[in-house]
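Input: structures, listed below.
Look for chain A in each of the two complexes below; its partner is chain B in the first and chain C in the second.
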Partner chain A sequence: MPAEVIFQSLLLGILQGGVYALVACGLTLIYGVMKVVNFAHAEFLTLGMYLAIAAWTAGGVSPYVSALFIFALVCALGAAAQALVIRPALKHPQINQMLVTIGVSTMMIGAMQLAWGPNNLVLSLPWSGATFDAWGVRLSYVRTIAFLVAVLIAGAFWLFLKHAKTGMAMRAASQNPVAARLMGISVQRVNLITFGVGTGLAALAGALIAPAFFVNPTFGTDYFILAAFVIVVLGTMGNFIGALVGGLVIGVAEGLGGLLLGPALRQMVSLALFIVVLLALPRGLFRGKMT
Partner chain B sequence: MNHVRSKPNKPHASRRQFVKASAAAAAVAALPGGLAFAQANEIKIGFLLPLTGSFAEAGQLNKQAVEMAVDEINRAGGVKSLKGAKIVPLFANATSVDEANTETTRLISRERVTGIIGAYSSGSTISSTVIAERSSVPYLVPNALADEITARGLKYVFKTVPHFSQFATNAAEMVLQLSENAKRELKTCCLVRENNFFGNVVGREFAKYMPGFRIQILKDNIFPTNPTSFEDVILSLRRDSPDVVFAAGEPSSITLLFKQLSELRYWPKLGWVGLGGGYTNPITWGNLGKLADGLIVVNDWFPDIKLPGAREANERFRKRTGKDMLGNSNTTYAGVHIFKAALEKAGSTEGPKIRDALAGLDLVDGPQTFMYERVKFDPTGFMNRTTLVGAQVKGGQAKVIWPTAVRVADAAWPVPDWSKRT
Partner chain C sequence: MAGGFLSDWRNWQLAVAIGFVVIAGAGGAFAGSDYFLQIMVLAAIYAAIGTAWTIAGGLSGLLLLGYISFFGLGAYVDGLLFTKFGVNPWLCLLIAFAGAGLLAWLIALVTLRFGLSEDYFAMFTVALSQVLKYAMLNWDFAGRATGVYLTVVKDDFATLSFVDRKPYLYIALALLVIVILVNYAVQRSRFGYLLAAVRENSQAAEALGIDSGKVKTKAIVLSGALAGMVGAFYCQFATFIDPRQVFSLATNFEMLLGPVLGGRLSIIGPVFGAAFLKPLQDLLRGWLGGEADALYLVLYGAVLTLGILLLPKGVASYVEAWHRRRYGNP
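And now, the complex of A and B:
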């Protein structure tokens, strides 16, 4: 195997890892703060992709502009879902919370199928396939932007959780909800913000990766949910830098694994790595720390 | 129903019972006459199709193709040699081998069908044809591809679609001829196929037949269902640098694959050939847009082919369903007309006579010429003149480019790589 091909695969794996990390960011936030396993996360990603396509086909709005509006819109939608169905379930055993999110996921898939039909839609920007040359490797702008945004979000949220008041409140609510409440933190409000921002991030990721993929109602579930959960657990739940590192590890492992062992065994390499890390570090690469 | 039961009203109930009883009596009285009527003027044909489940969309389209053919036949006066008897299609759901077997038995013993057409999947067809054979009921196979369907010495089974193996043999003949015309050498290929039933059939058949065509398979790239990236496949193709790539997959994976092929600017030396399934689905071409230009796809038929009535048949089907007559609707539609021609020739509804008529059929005209120039079965019951055709996609349309006799456009071969496209 020539070194040049391995280098190409490594670089492309890093970009793919950025895409994974971007998808996993929102999930890690919700999981880390609320301890809710949000099985509907993938559907908020899919919704973001559909909204980006709708904005492009209806008004010619680039997904890089509409992404911000989609983020805000889905934040509100996620917060509403939290208030209506997740909050009442928080009092009940964790299995109930999971089932509630599965219910939300099923309803969202049905609604998206009604709205946009079952077939694939494609967002074809005039420059969807545009690439640039980096060290002899062709990289697509769409994936590079997704990667940079993932790095930016991971960094920004790390700072936010470490230094901002709301961020500290989030960490407090996650570490000990009772003590946080006694210190005057509204855990309910923190949860509302967390779920809203978490689902908003999923939709933002969806809008940013839309030009590189296609979308159908089960896209998120079929393509990204498994990888996102693996990354979140690998990188420690609730840790944004962890999600980025986890995403890169999985992206590179899949890329090199696929190249060396054949694409059919691509996931075997990344999941074997996942098992090894979990056996050695059961609480993830960052040993349970959020920041 | 509950509120009726909780408030029994005797006079009404008895009146209802009376009405029911008299209706039943009337039905019984009418029955013998009705049956005699059906026997004289109707020919029941059983259709085994997956009407529900994961192949329901295809099954329902096939059902509409049957209805279109039956409507045409009955409107034109039915089967003339049988005093204008009308064809009555009986649809049976065949989503699994078990169901196909049960329904075949029911169609034969209870419905007393004259013949059976089906059963979409190869597995269901292989087992249900044996049941029909035991009862001497002719069985036409217009959509299941497995070679073994007609390789078991069954006397009542007739297959009008190409074999699985022809995806390898016809595709190889096509690319060799295109390369010869372009005076280019073709010695190597790679496979890019999804790890599913059809993908694995493609892998098996290509491994078996390519050596006979002196085409070396450099690498068989198998990708999992729902891949998030094809970069490893593309890097490996670039390293192997094959003359041609043969590929199979679903619309979603093909869409992602072609986006990444164009991003990484990889294209094989001569061209990319997609086999059946997702590659021949117009939805895929629509999703790919310009990326699909130059792609060569292989299937049993395309509406843009030089055969009489092809476009018209497709238009009629589009009017009914809003969809192109692809994905077996075309072969099923043709199959009904071929079976009708056999009935016409036999002038009888007896199984053995229809069987002999099918075996001796030699049709060069009739509605089925929109896709079959000549209908003639070999001793195994296979319509061995049938071949797969190749079409090249441009602007979201596939125009037939091979075999030469039915082509409507000349192939662009070698297919220009990304840098030479507009």
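And now, the complex of A and C:
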């Protein structure tokens, strides 16, 4: 196999990994703070894609502009979902919590299908297919921008977690909810913000990749949710940096795996990795440490 | 003894569940349309799957969220062995039982040995079901995406193939009775008490010398094996299986809805849960029509979410409270 092809798969894997990382960091934060595995997470990504398409077709608004509004809108939506169905479920057994998020996922898939139909839609920017040359490899602008913005936002979010008061409250609630409450942090408010921001980031990632993919109501479930699970488990569930590193690792592994095994088995790569990770590193790369 | 046999909650449930199955069988004898029989057979299959699931998902307290792996594996064991090698389907039921039990044992081996926490275990089982789906989608011998077809030309009890739908109902109900009896026997046995100890307080159970890993392994093997057997029967009944259908996550969660809303520590919960929810799903689908599949998803998701929020312990817990008052048990 020529080195050039391998290099290309590697680069494409990194680009995909950046987007994965942005999706996974929301999922891992939600788990870290609430100990809830959000099975509806990918649906928020799909919703972000649809909203970006809607903004483009209705008003000609570029996804790079609408992404901000989509983020804010889905933040509010996610917070509402948290208040209405996730919070009441927190005191119930874990299986109930998971099934509640599955209920939300089912409702969202149905609602998106009602609104936009079951068929593939596409957001075709005039330069959707344009590529440029990077070290002898052709890369698409759309994917590269999505990667750069995703990494930038993930980095900014990391600074927010480290230095902003709300961010520190989120980390505190994730490390020890009881102690956080004793320090005067409203864990309920932190939960609300975390779920809102976490799902908002997934929607933001969706808006960024909307020009690069066909979208249908189950897009997120089909292409993102299992990868996101693998990433958060690899990076230790609840660990933010772990999700970023894990995103890149899984992106590259899928890229190279797809090259070796063919595109049909691409998904198998992340699933196989999932099993290997669970067996070899059951507590993730970061030995069970959170954030 | 006041109340006798029925004063025990488990005995009472057994009597009610078996009585219900007998009534369903008698009712099925008068069922006119194949559509109606189809729904009844599927409800019986879901009830059997739900009752089998509660052994691991309820009694042992394992977060066995991805349960359809066993069902799908059983379906493929039957489909492939019957169509490619001519193995008798009744024997396939037993092989599927053993095969799915083996899969469950492997899952327990890798997950419990490495001390996976409950959330990881749940995600692992969900991921595994999708691994199996993609494996089947890419396996030429298993027909890839088109799956496996069985051709049925005449009624033949020996090969578990019928043109008429009614025999399937009786066999499905017989399988349901087997699963109910197994669940009942587990609850009455020493093993059942070990499960309760591990479920309620795993550390305390360990301190008393109970090997909780071993107890949980037994529970998941039994639970998985039963689902495999039911899956093999499903293949005979449906005469057509494909990976997206028998490893579908949507179906997976539909199957768990009965036991979770019905009561996952009970016997009547999964049985009546499926008997009520499965026909409701099918009627809703039929009533809304193919075009309104999306509306069905919204309604179904809402029922799932609300049901779980409003009935966290399942309906059976209310029946149990009534039973306790009725028979004056403390």
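One rule holds for everything that comes next: the second predicted complex is superposed on the first by the 267 of 291 C-alpha atoms of A that agree within 3 Å, B and C clash if a C-alpha of one lies under 4 Å from a C-alpha of the other, contacts with A are read in each partner's own complex, and residues count from 1 in each chain.
The rule is simple: contacts are C-beta pairs under 8 Å (C-beta built on N, C-alpha and C of every residue); 3 or more make two chains touch, one makes a residue touch a chain.
This one's a predicted model, so the numbers in the text were calculated from it and none came from an experiment.
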{"item": "First (chain B), second (chain C), both or neither touched by A:128", "value": "first"}
{"item": "Chain B versus chain C as contact partner of A:8, first or second or both or neither", "value": "first"}
{"item": "Which of chain B and chain C A:224 touches, first, second, both or neither", "value": "first"}
{"item": "First, second, both or neither for A:267, with chain B first and chain C second", "value": "both"}
{"item": "Chain B versus chain C as contact partner of A:54, first or second or both or neither", "value": "neither"}
{"item": "Chain B versus chain C as contact partner of A:259, first or second or both or neither", "value": "first"}
{"item": "Touched partner set for A:216, first chain B, second chain C, both or neither", "value": "first"}
{"item": "First (chain B), second (chain C), both or neither touched by A:138", "value": "first"}
{"item": "Contacts of A:72 with chain B and chain C, given as first, second, both or neither", "value": "neither"}
{"item": "Chain C-contacting residues of chain A that also contact chain B", "value": "264, 267"}
{"item": "Chain B residues touching chain A - in the complex, by the definition given at the top", "value": "195, 221-224, 226-233, 235-236, 238-239, 251-252, 255-256, 259, 262-265, 283, 287-289, 291"}
{"item": "Residues of chain A touching chain C in the complex", "value": "31, 35, 37, 85, 88-89, 92-96, 98-100, 102-111, 113-114, 118, 217, 221, 226, 229-230, 233, 237, 264-265, 267-268, 271-272, 274-275, 278-279, 282"}
{"item": "For the chain A and chain B complex, residues of the former touching the latter", "value": "2, 5, 8-9, 12-13, 16, 19-20, 119-122, 124, 128-129, 131, 138, 140, 212-214, 216, 222-224, 227, 254-255, 257-259, 262-264, 266-267"}
{"item": "Interface residues, chain C side, partner chain A - complex", "value": "57, 63, 65, 110-111, 114-116, 118-120, 122-124, 126-128, 130-131, 134-135, 137-138, 249-250, 253, 256-257, 260, 264, 293-302, 304-305, 308-309, 312"}
